[in-house]
Amino acid sequence: METYLYTALFAPLVGSLFAALFADKPKNLVTGIATSTLLLVSWISSVVLLLHVAHGEEVHVKLMDWIHAGGLVIPFGFVVDQVTATMMFVVTTVSTVVHVYSIGYMDHDKSFNRFFAWLSAFVFSMMVLVMSDNFAGLFIGWEGVGLCSWALIGFWYHKESASWAANEAFIMNRIADLGMLIGIFLVYWNFGSLQYDVVFEQVADKEHGLLMMVTAFLFIGAMGKSAQFPLHTWLADAMEGPTPVSALIHAATMVTAGVYLVIRANPLYSAVPEVSLFVASLGAFVAMFAASMALVNRDLKRIIAYSTLSQLGYMFVAAGVGAYWVALFHLMTHAFFKALLFLGAGNVMHAMDDELDIFKMGGLAKKMQWTMVLMTIASVALAGIYPLAGFFSKDKILEAAFASDHYILWTVLWITAGLTAFYSFRLVMLVFFGEERYKIFGFHPHEAYRFMLWALAPLAVLAVIAGFFEHNFVHMIEHILPIEEHHISALTFWTLIVVTQAIALGGIGFAVYKYSKGGFSKKWEETFVYQLLFNQYYIPKIYDEYICKPYGELSKIFWKDLDLKVVDATVDFIATTIYKSGMVSRVVQSGNLSNMLRWMGVGLLILLLAAIFYSPVR
Amino acid sequence: MDHILSVLVFFPAIAGLLGFVVSKESIRAYGLSVAAIEFLLSLWLWLSFDGSYPGFQFVEVLPLIPSFGINYYLGVDGISLFIVVLSTFITLIGLIALNVEKDLKNMIISLLFLEMTMVGVFVALDAIVFYVFWELSLVPMLYIIGAWGGNLRIYAAIKFFLYTFAGSLIMLVGMLVMAYLYYQATGVWSFSITEWHRLILPENYQIWLFVAFFIGLAIKVPMFPFHTWLPYAHGQAPTIGSVILAAVLLKMGTYGLVRLPLPMFPDASVYMIYPVAILSLIMIIYTAMVAYAQEDMKQVIAYSSISHMGVIVLGTFAMNPEGIAGSVFFMLSHGIVSGALFMLVGVIYDRRHTKLMSEFGGLAHVMPRYGTIMGIMVMASVGLPLTMSFVGEFLSLAGFYQVSHTMTILAGTSIILGAVYMLSLYKKSFFGEVTKEENKNLKDLNGKESMALWTLVLVTVWLGVYPKPVLEPINTSVESLVSFMHKKAITKEAKEVIKPKVIEREAE
Amino acid sequence: MFEAMAFYFFSAVTIVMFWITVTSKNALYSMSALAAGMIMISGFFFLLDADFLGVVQIIVYTGAVMALYAFGMMFFDTTREVKENIRAPKLVFLLSGMTALLLVIAFVAPIVGDHIEALYPMVEGVENPQAVGIVLFTKYLVPFEVAAVMLLVAMIAGIILAGKKMDESLTLKIDDEFQEKGVQ
Amino acid sequence: MLEPISVSMESLNLGTLAPMLVAIAGGLGILIIDLIKKDLDKTLYVMLSILILVVDLGAVFGQRIGDRGFFDVMLIDGIAVLSQIVILAASMLFIPLALTSRRFHEFSYPEFFALFLFMVAGFQFMVASDNLILIFVGLETASLALYTLIALHNRERSFEAAIKYFVMGALAAGFYVMGAMIFYALTGSVELYKIAEVLEAGEFANMTILLVGVSFMIAALGFKLSMVPFHTWTPDVYEGASATLAGYMSVVPKIAGFVVAMRIFGFLIQSDVVWVRDILYAAVVITMTLANIMALVQHDVKRMLAFSSISHAGFVMAAIMIGTTQANSALFLYWIMFLFTNLGAFAMLWVSRHKDKIWHDRFDHPYEKFSGMIQIKPVGAVIMALFMLSLAGVPPFSLFWGKLYVMSAAVNSDYIVLALIMAINSAISVYYYLKLIVYMFLKDPTQNEGTIYAQNTSKPLQTIIGFSAFLTVFAIVAVDPILEIITTYVQASGF
Amino acid sequence: MITLSHYLILSAILFGIGLVGVYRRKNLLLLLFSTEILLNAVNIGFAAISKFYGDLTGQMFAFFIVAVAASEVAVGLGLMIVWYKRRGTLDIDTMQSMHG
């Protein structure tokens, strides 16, 4: 099995390096094909591993020692257990699809080769992240995906907004990474190791306060990567990157790393309900918060991005209430339909010459039939309508929240479900149906390449059927994650389903109704609420005004006023004072003999005065 | 070979002297061959080094002023070995990428002399010999900055020289006091550092001496309020000067901290952890912010150097093997990475004769290979895992975490702030459209530059992925150093703070 | 009594003379006063039983030195009033006055001389020049000879400095070609 | 009546006089040769002088340490021998510098060499006696000869220098005799060992008067050693004198002065007269610092070196103030190291001496003159830089070891603050030495002709400079043996 | 009764007068006069001490001081002559080409 493990892990790296060789060469289809093939290889290995571990086995290997200093020993160790295998499956599946899709999507881009190099590098980092058997290895992947995300968001670096978004994403993530790093230090100094198994064994012996600190700091890391409030702004801006990137990184995989971390560290989190509750509450808050922003946004990709954010909130709720397997399950299904949604959006963008304003679209269904179908499937799944994948996972989350007596959370999530359904179909309606507004703006939409659509097929299929594998999933995952038994009556169970379905369908219905009639009136756009939501609660502005600008100004002050005018000037002042005192004291050296003689006299007089009036004790 | 260290020290100097004879046309080849031989010698030193033995190896002793206890005493251990290798390596790389036309001969000869002094500092085990090389290193550097630098070069060069010289003189007084105390204790004059290590002093003496040594070393590092010479020196120095200054000369300071005050004054070191840590924190955060405000690419990197040196100092004062080994490793990685960054800035400066970020933009379009390497090095500087810097930074911070949680969190902001200024540098210069006409036809890296830079990239990644061959000997020596300090410490607090290995920790 | 009277008399005259020497604007007065002061000092020497010294004082100072000075004055044409631009005269008097005052303060206190023994005692009945001669040519022969060398040096110095050869400076002459015999 | 005095020749111990007699006889010989045949070449006199100095040096080595001679007037102790060696070595290095390729006035006089030898003899007497009379006479002999030597350079500035030096010297002589008179008044003796004995026996009863006397002595010797504020002549005289003589003056009269100071203040410090210690402490610090900061603002290298030599003298005075054996040994070590470096530096100036003032209407050696020297005359520049670095105390050049040892002596006697002040002063001093290096190495040349830095050069000069440079660089090898000898000698003299 | 102190005080006063001259005089020749006064003042002291201690050494010293004074005059005049020849004045204030 080790071979499969290493194949799964290193195949993307090989592909990445191979593509990197051609990075500054003109487009070469080989890079796309090679990387996609290698990813397929990786996918196959992952599937093999998944099947292998499905029955409770575990593959654990140690490649080599990485860092060894003092008592700190960090190996390059990899473990494939059920959680990892699931993650690997998700990652490789989505990324294979994205790779193939990108061959078409990036067809005309001059940096075609570079794109594949980075994309594969991302997959490799993600694999390291999920496969590592220790926190440090996790951190490698963590930073690695951050790097790749930076490079891919800023892929079109000639665009100011893209490079800005890339840096924002990286720096935001870094803030969180600091928390994560501190968490790792805490783990090391208190558990003496960074290996998961060693650490988790000792959980029972450790103080509660300590565990709280550890989990809190680790969660700060997760907040950054999974773009939770208040570190969420980068995700929307990250949509500057090419759409396959958004699909892969900012929907399916990287952003879920935070969830993965919480799931992975579940022994720690289960031991501290306070932090778990916080995780869940924050998740619920973000779910609603993001959904609300998605309601009014006009940007095709940003809407999807907010929906991602919202769904991540769901996952955290699940993880927070202890239903780790549900979180993982939702993570998986979400990856499929969200990637599908994004890639569909990519098709639309392509057709619309990278126009993103959904109000400039409309009626595209005629031109882009298949895309419309795919995106609708994804939207339905996202809305959580039976029998698509989204239904199973989302419903479980609501159920878990309800069952753990967190009714407020449940309510929030329930409302959010309605909002989700609404904005999803708002998007579908505005893009594909209604008036053909694109004609006003002179676009000539066309359907994407056939093979790109075929590439999306697996995702579509998975988005539809993944939910039915719930039991297999549970069966597999129970080897590693706690499967809690809900003690809710069948009646409540069914009521919950019905209520949820109702609000989701209601949302869809409202959207369809409203937008088939031409949407809301202009007045609505002038209301405070609309403005608040449209400006993302003014949070980016606040960050810019109260953090970025003061930081820049403070830096300037530090440099110009403090470093140059105080610290350096002090040094120079000492030097010039000495020099000036030389200038002053050269007066002694007047060159006039009379003065020189008098100076001797002065010297003598001083000595005599000292002789007579200064008499130290002998 | 018993005298390999002497050979290592004096080979470049002798070669430098002979270099006067070599004709102007062939001097580059000459310099390269000498540097290459020197580098191979240092590699040989590494290969014949026994990584599992913590003490000093290849020791050479030759009396110089026996009546006063001054000996020509050389030796390497895991801590100094790699800095020696780094010195020879960076000199070689610097020479490969050297892009100077004016007075090339003088430049190469001074570089060779500089190499002698650098190696000398790191292998010296006699305080006076250490001091000799330490001071001597200023002279060629003064010349390099002053003769090939920018407009303010003379100011910068003098500032550099005077500042360091003043500091080291205070250190010299400290050394003399130390020798005297040693004489009082044993009746024998000795300037041997290893002998000094064995001398146990009362705490108040330790503190004063620590301060004396610390001032001298801190100026070189450069620690916070003493750092202002560095931006000038870097800003004005030619590329090769900055490279060596950042890569090796600054390391003298931090190396000195590990070699001198720590084992000599363990109690004072523990006593001073907080003041030093606060200075380091100011250094980390404040200079990172100042770096962000810079308009000149080179100044950004110069200030970033200071910021990173802060982490190194912090790691040194962690007083546990993790921190110290980490900081020693960070010295190496900082040497490679900042050296590479300065070299990269030099590349663009050679082409455009400006370093202002506002003059650039979109360089990634015009010079993709250059942009790639710069990107890698920027990321390495930011401390991305699997680059050398991460190992060092991680260990340094991890080590210091044991001393103070809050301070480590504050120090950890370096990974954020570092990203802030480095990425904004990268964005301003490399991203965006090419706006300036002059930038449109810039040539990408040439063969020399590529070779030098890719080598550095390879090393950065190699030691980031597999630091073991370097980290292990360092760790061996550092562990013995820390347990030595632990044993030597006289106060209870110091005994508590200085933590040898985990196992020993638990045994007590 | 005679001693005291003589002392005070000589003292007064000497002080006045020297005061004139240092303050007079007329160089001739100044020199004459100096000569007179010197003679008065020789008076002290006789008073102090240092006959030999007294004679030397008169011969060397009042004779030789004064003659030299007189020659110098003629040469330098300083017989008439000397114009001197004296800056900060108060400072001058403060400095010297304070110095003298402090010296006086120091000397007023009697010297405790318990442990002093004369190395070369004045023997009763031996004439002073004789005694001096003996000491000078035994103990102080070396300084005496060195003094001779010193006088030789002074003589040579005076001769070559005042000599004609100094009028044309080789140092200032620009000589571009080096002559092998160029020492002259 | 007096009894006849019988003196045995052995008790006179004429060997103690031999070195000085050699020098005096040599001087007279040169005068006689000049009388017999005029217009002999200066090379002859140079070589004769060197030979005489060699014989002189031989005689010094022949002296037995601890001898007193000639009714105890002569005192040949370790420091006397050491300082004579330094004096003679410096003289031997100095004299060949007369062999320049340009003509200068002073060397056209055979009397120059005679006076020079008399001066050397004067210094030798000064250091080889503890009789205040002989010290005085020797000092005056040497000084009067020196004034003349300065003036013989024969330009207006050198006369000015000589006159200033002379007048101030006369005042200092007045101070000296006043000091001596007070010592005599207190002890009835003019011999230092006797003075010390009497004072010890009287338990320093007349402290105030004694201190007044010491004040005068400090003033007098302070003038010789150019301690602030008695230093004012130094820069002017160095500037007016020829570079070579300035170099000589910065070394030889001072070592003689140091020895006298050691003799006079040594016993006072050893008998714990704290006042002397404190005053010297202050004087040392002021001298070092003030001279240093004044040197910072100079425009002329020679004048800068003048101030720097004041500062170095202050540094070394500290050794006398400390007064331990190590300190006194350090003094000699320092001065031997200083000798080569400083003479070398002045010789470099001498080599580049121009008769026409190209760079400055006042100075012969303004900093601008040396700008870009590395490109025109690299070897010269490197050697000059070596001397500058050595003077600055950059290791491993000669003066560093002197500084190290003096500072160590300070530290070992618990004068840590003093050591720190010394360190700071060294740091300040670096600036002005560096300034020359900056001009030489870092600035662009103003002239392109290589000969401008070697106007005055000749083989002997190059040899001397090369020799000095060699010693400057490889001083480390010599430190230990020299130190050993010095320590033995110093210990033998009871310091 | 005239004691040693009387003489010493006289000596001190004369020394002070000499100092006045040295500090005050601008004419080199007259300045040289003043230095003679300094030496003479000390000579009185030496002679007096010699008398009161009954020791000849003081007289010896005085004798040598006289010799030194004479030599100084010779050298001093020589220097003044060369200076006068060049500049035609003995005023100190004209002698300031070197300063700073």
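A, B, C, D and E are the chain letters, set down in written order, and residue numbers restart from 1 in every chain.
Please note the rule applied: contacts are C-beta pairs under 8 Å (C-beta built on N, C-alpha and C of every residue); 3 or more make two chains touch, one makes a residue touch a chain.
Keep in mind that this is a model prediction, so the values were computed, not measured.
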item	value
Starting at chain A, fewest touch steps before arriving at chain C	1
Central chain (distance from its CA mean to the mean of all protein CA atoms)	B
Furthest chain, CA centroid comparison against chain C	A
Most distant chain from chain D, judged by the mean position of its C-alpha atoms	A
Most extensive contact between chains (C-beta pair count)	C-E
Gap in Å, rounded to a whole number, between the CA centres of chain D and chain A	77
Centroid spacing, where centroids are CA-atom means, of chain D and chain E in whole angstrom	26
Centroid distance [mean C-alpha coordinates] between chain B and chain A, Å	36
Between chain B and chain C, centroid-to-centroid distance (C-alpha), Å	68
Residues within chain C bordering two or more other chains	91-92, 95-96, 99, 102-103, 106-107, 111, 113, 116, 118-119, 131, 139-140, 143, 147, 150, 153-154, 157, 160-161, 166
Residues of chain A touching at least two other chains	586, 589, 591, 593-594, 597-598, 601-602, 604, 608, 611-612
Residues of chain B whose C-beta touches two or more other chains	162
Listing of all chain pairs that touch each other, if any do	A-B, A-C, A-D, A-E, B-D, C-D, C-E, D-E
Residues of chain E defined as touching chain A within the complex	19, 22-26, 92-93, 95-100
Interface residues, chain D side, partner chain A - complex	163-164, 167-168, 171-172, 175, 204, 207-208, 211-212, 214-216, 218-219, 222-223, 228-230, 232-233, 235-236, 272-275, 278-279, 290, 293-297, 428
Chain B - residues contacting chain D, complex	63-68, 103, 106, 128, 131-132, 135-136, 138-139, 142-143, 146-147, 153-154, 157-158, 161-162, 165-166, 169-170, 172-173, 176-177, 179-180, 183
Of chain C, residues touching chain E in the complex	3-4, 7, 11, 14-15, 18-19, 21-23, 27, 30-31, 34, 37-38, 41, 44-45, 48-50, 52-53, 56-57, 60-61, 64-65, 68-69, 71-73, 75-76, 78, 82-86, 89, 91-93, 95-97, 99-101, 103-104, 107-108, 110-111, 113, 116, 118-122, 128, 131-132, 135-136, 139-140, 143, 147, 150-151, 153-155, 157-162, 166-167
Touch list for chain C against partner chain A, complex	87, 91-92, 95-96, 98-99, 102-103, 105-106
